[in-house]
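Before we start, here is the structure in question, set down as structure tokens.
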Amino acid sequence: MALNSKIPEGPIKDKWTDYKNHINLVNPANKRHIDIIVVGTGLAGGSAAATLAELGYNVKAFAYQDSPRRAHSIAAQGGINAAKNYQGDGDSTYRLFYDTVKGGDYRSREANVYRLAEVSANIIDQCVAQGVPFARDYGGLLDNRSFGGVLVSRTFYAKGQTGQQLLLGAYSAMNRQIARGKIEMFNRHEMLDVVKVNGKARGIIARNLVTGEIERHSAHAVVIASGGYGNVYYLSTNAMGSNATAAWKIHKKGAFFANPCFTQIHPTCIPRSGDYQSKLTLMSESLRNDGRIWVPKHIEDAKALQQRKMKPTDIPEENRDYFLERRYPAFGNLVPRDVASRAAKERCDAGFGVNATGEAVYLDFASSIERYGKTQAKIQNLENPSKEKIYDLGKAIVEEKYGNLFQMYEKIVDEDPYKTPMMIYPATHYTMGGIWVDYNLMTTVDGLYCIGEANFSEHGANRLGASALMQGLADGYFVLPYTIGDYLSNEIRTGKIPTNTPEFDEAENDVKERLNFFINNKGEHSVDYYHKKLGKIMWDKVGMSRNEQGLKEAMAEIKELREDFWKNVKVPGKLNEMNPELEKAGRVADFLELGELFAKDALHRNESCGGHFREESVEIDGEQKGEAKRNDKEYAYVAAWEYKGEPSAAVLHKEVLEFKDIELKQRSYK
Amino acid sequence: MSGFFKSSIGRKVAMALSAFFLMIFLIMHVSVNLLSVFSENAFNTASHFMGTNWLVQFIMQPILIFGVVFHFVMGFVLEVKNKKARDIAYVKNNGAANSTWMSRNMIYSGLVILAFIVLHFIDFWFPELNYKYIVGNPEDPTRYFHELQEKFVHIWRVAAYIIAFILLGLHLAHGFTSAFQSLGITAGRKKTLQSIGKAYAILIPLGFIFIALYHHFNH
Amino acid sequence: MNLTLKIWRQEDSKSKGRMVDYKVTEISEHMSFLEMMDVLNEQLVNKGEDPVAFDHDCREGICGMCSMYINGEAHGPDRGVTTCQLHMRMFKDGDTITIEPFRATAFPVIKDLVVDRSAFERIQQAGGYISVNTSGNTQDANSIPISKHAADEAMDAATCIGCGACVATCKNSSAMLFVGAKVSQYALLPQGQVEAADRVRNMVAQMDLEGFGNCTNTGACEIECPKGISLENIARMNRELMKASI
């Protein structure tokens, strides 16, 4: 089967408009006879459900949490990009498009990214109309910030809780439709399979997580908006419940999975403190504007820090290695996420880590505090201010900018980051890879759509800050509602989809069989035992830095672990009750398959690009020696994998990426 | 509007309005009584006016009684409803960690005040009604001061009054600012309001206590 | 450290619950409270017992899912944190910790420490939105300037995470802080003015219908709120409802 991305013809700036002008529409009177299932209610799913309902379709929305408002989009801190050019600093749709493609290391589809940039401005208008309290300046107009990897200020924000406010906006739009009866909301429900009838997605099998009941739901189209698969690493900045089950189930039913190895490791997270650690907490990228990253120059100092025999403040300036400033003098501490993460790992692997686990580097605000303090002293006309005065003045500025983050850090680590440098370490944060979709956001299964982080998306091999929120809302509010109409215009005569058909029977039986197995298996290890083991394999061998041998080992180890899981997993409790262990078992079972495909994809892509770093593909000499080396000749394509019974047997399909509007260049931050 | 007073917020607004009325009444009451400390004549004049003026007797007095009864009944109704809002109690609850004793125990301070009012009616109001309207004695404008003094001869009564006034103070310590908050009046005035509330909650009961003690030791 | 846990166990919404004692050992002070619960559950699973069900998700204090009443306080003894952000360093070796679900008639227990907070959903559905189509064909975002002060205040109200700690804490199980925060967010913004009167009336009516208690202004909710939502929001809601009713 050849992949058809269905990109419209014509110049890039007209594609979306022309496309919208020519697609088929569904008459309003017919929309009320058409049902759509939306799985996941984060930014993408929530905005899609609300908009589809508003258009007149009957929407059934599913969330595993007790409310759509809990989806993990809520945790996004920094902001949302939009090419509004309110600051008059030269921003434009083209620039946002260009930055996103370049930031993604030229592994995304031009037409999709351009469309994203095009609708980005609408998102801000929409959210303000919904009552999202974005930050404003004293004139009452919207304020912007700047984020890594770009030269303009285009990031809109609501304190450090932009994701929360945008999600609550989408949630409010959903609530309006729930109240009107146009959305039927299924909270505490988990989708456990998709049902295909004559090759088309026609429904899902879901488990009511309160009663344990298995339910059938039918629809004319199914939309998957279930987020990313970062929890394949066990430890990540994702929520505990974030999972890949919905995405993996549709993959097994025919939806291709694209670029699974493109995963973003975020450099500024609070380090792991012990084996009991259940999740990692992100500290906003914005901290790197003022914090300087360092480790000791001498290994003895690092050892002393690891054994807590020394404090960071005991190490004099000349014995510190500001490794990002040293390696990347042009961008310094503001290099993109993937570069910063790898540099930190390199230092820690060499033994220079600064905490007990040896997996942490410092993010130091002392020099910013001093610099701000001196500026403030000048502004206030203070002559010969004392050191303490300068510190106090500077601290006030830093507090104003990052107060809530510093407080969050202090609550978790129990150290005052104003006095002693923060400790940070990279952690899995976002997955650029995901279900392959065409220009319409439809997967390789008819009537089955995938939006938001769950699809392979517009971020290529690396996502820029503040772009995830943009993509989720663009897909849900402004793209899918159009493109799905084109498909559904052929469904107006279909009528209600019955659920008492053999296809539903079969899917339900498969689901029940698997759940029964878990409950009845008399194993000896908990689900978490396997999840932790999988996470360790993934982190060690399919983490920030990958090589052929490690990846092959990882594939073998994951397979072995999976086989052991199916023999020895232990799930307590009953089927027909709230059973969190049973929920986890199903999710981990899917991660155990996805992890292997992930490693396989990483193994096949013998180039370094974006979040994917292959030790075999580095610059050998010259100024860029040791840096990632992309291979456009052989790998400028999307790797879409077709399921063939075993992850290792997956078949590769290539969607070759054509770059007509952007010239491919090497990313250099030296 | 009728819907408003059936809503939870409407009810607390009604509670607050009756509270305001009663708090104004308390200021008047303590002011008149304080006259007894300074001048027997002034007190008698004021009391005579209050006891015989038809506006006070037949308009203000019924309104006041209605206000008292309304505040109590509404207080009980809300208490019962609020209790029902938590069907299973906590095994361990640390209320002191986040609220004052006064705010959590308005119903109990209120009950003590209710008991006091009963006593107070037996002491003053029923004899007064009896004197004026049942037996129909001729009005003696100089009788009030002595009636007042007599009541505070016994130490037990003084003690009961003092306890009741302390509870009144505790009730007011929360009630004063609470009434403002219920009416939506806090913006930017919180600190000032709290100070005024504190002063009010201390001075009014203190005034009554002072009067009781003064007459106990000076008869 | 070693701890004794007294935990509310209840099989489902229909069963009667009871407090059960558990012991956990070798708890690190760096653990979060929920990681301590993970240790307990791992222990129970390995023994073949039913682990304690509790709601949790983001574990970084923003999703509002976690909901435990710890030693008599919603989200435990620390301030400005949710249960998932509470750390074991707040406790001492040998402590006994009492863990109960958020209690309110309007929040029935589903299992163990998991409660049903769908009453909040229905209140939001009654009017917690601005009736604007999601087409994006609205006016430009900067066409109505909003004072920074109002925008910031609206943001402060909007930071509510809907966890229900206010209800759990309130001696009357009142939901006024939650509802007040939502009413305030929209009341402070020009976009919310058009439907302001209907919104507050409908949301308050739904709140009353759900069986939450009345506010007696103890202020406990504001103190226990992990996001520090101010009591001023309740005052504003009272004003809004009075305005809407006159």
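Going in written order, the chains are labelled A, B and C, and every chain counts its residues from 1.
Basically, a contact is a pair of C-beta atoms (placed from the backbone, for glycine too) under 8 Å apart; a residue touches a chain by one contact, two chains touch by 3 or more.
The shown structure was predicted, so the numbers you read here are calculated from the model rather than taken from an experiment.
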item: Of B-C and A-C, whichever chain pair has more C-beta contact pairs; value: A-C
item: Closest chain to the centre of mass proxy, which here is the mean CA position; value: C
item: Chain centre separation in whole Å, for subunit B relative to subunit A (CA means); value: 62
item: Approximate Å spacing (C-alpha centroids) for the pair subunit B, subunit C; value: 37
item: Between subunit A and subunit C, centroid-to-centroid distance (C-alpha), Å; value: 26
item: Residues of subunit B touching at least two other chains; value: none
item: Of all residues in subunit C, those that touch subunit A in their complex; value: 11-12, 28, 30-32, 34-35, 38-39, 42, 44-46, 48-51, 53, 55-65, 78, 80-81, 85, 87, 89, 110-111, 114, 116-118, 120-121, 124-126, 128-142, 145-148, 151-152, 154-155, 158-159, 161-162, 185-186, 189, 191-192
item: For the subunit A and subunit C complex, residues of the former touching the latter; value: 47, 50-51, 54, 65-67, 69-72, 74-75, 84, 86, 119, 122-131, 133-142, 158-159, 161, 164-165, 168, 171-173, 175-176, 178-179, 185, 187, 210, 237, 239-241, 273-274, 276-279, 281-282, 407-408, 411-412, 414, 477-478, 526, 528, 570, 572-573, 577-578, 580-581
item: Residue numbers on subunit C that touch subunit B, as the complex places them; value: 6, 8, 17, 19, 69, 71-73, 77, 98, 100, 103-106, 169, 171-174, 176, 201, 204-205, 207-208, 211-220, 223-224, 231-232, 234-239, 241-242, 245-246
item: Subunit B residues touching subunit C - in the complex, by the definition given at the top; value: 1, 3-4, 7-13, 78, 81-95, 97-100, 103-104, 106, 174, 177-178, 181-187
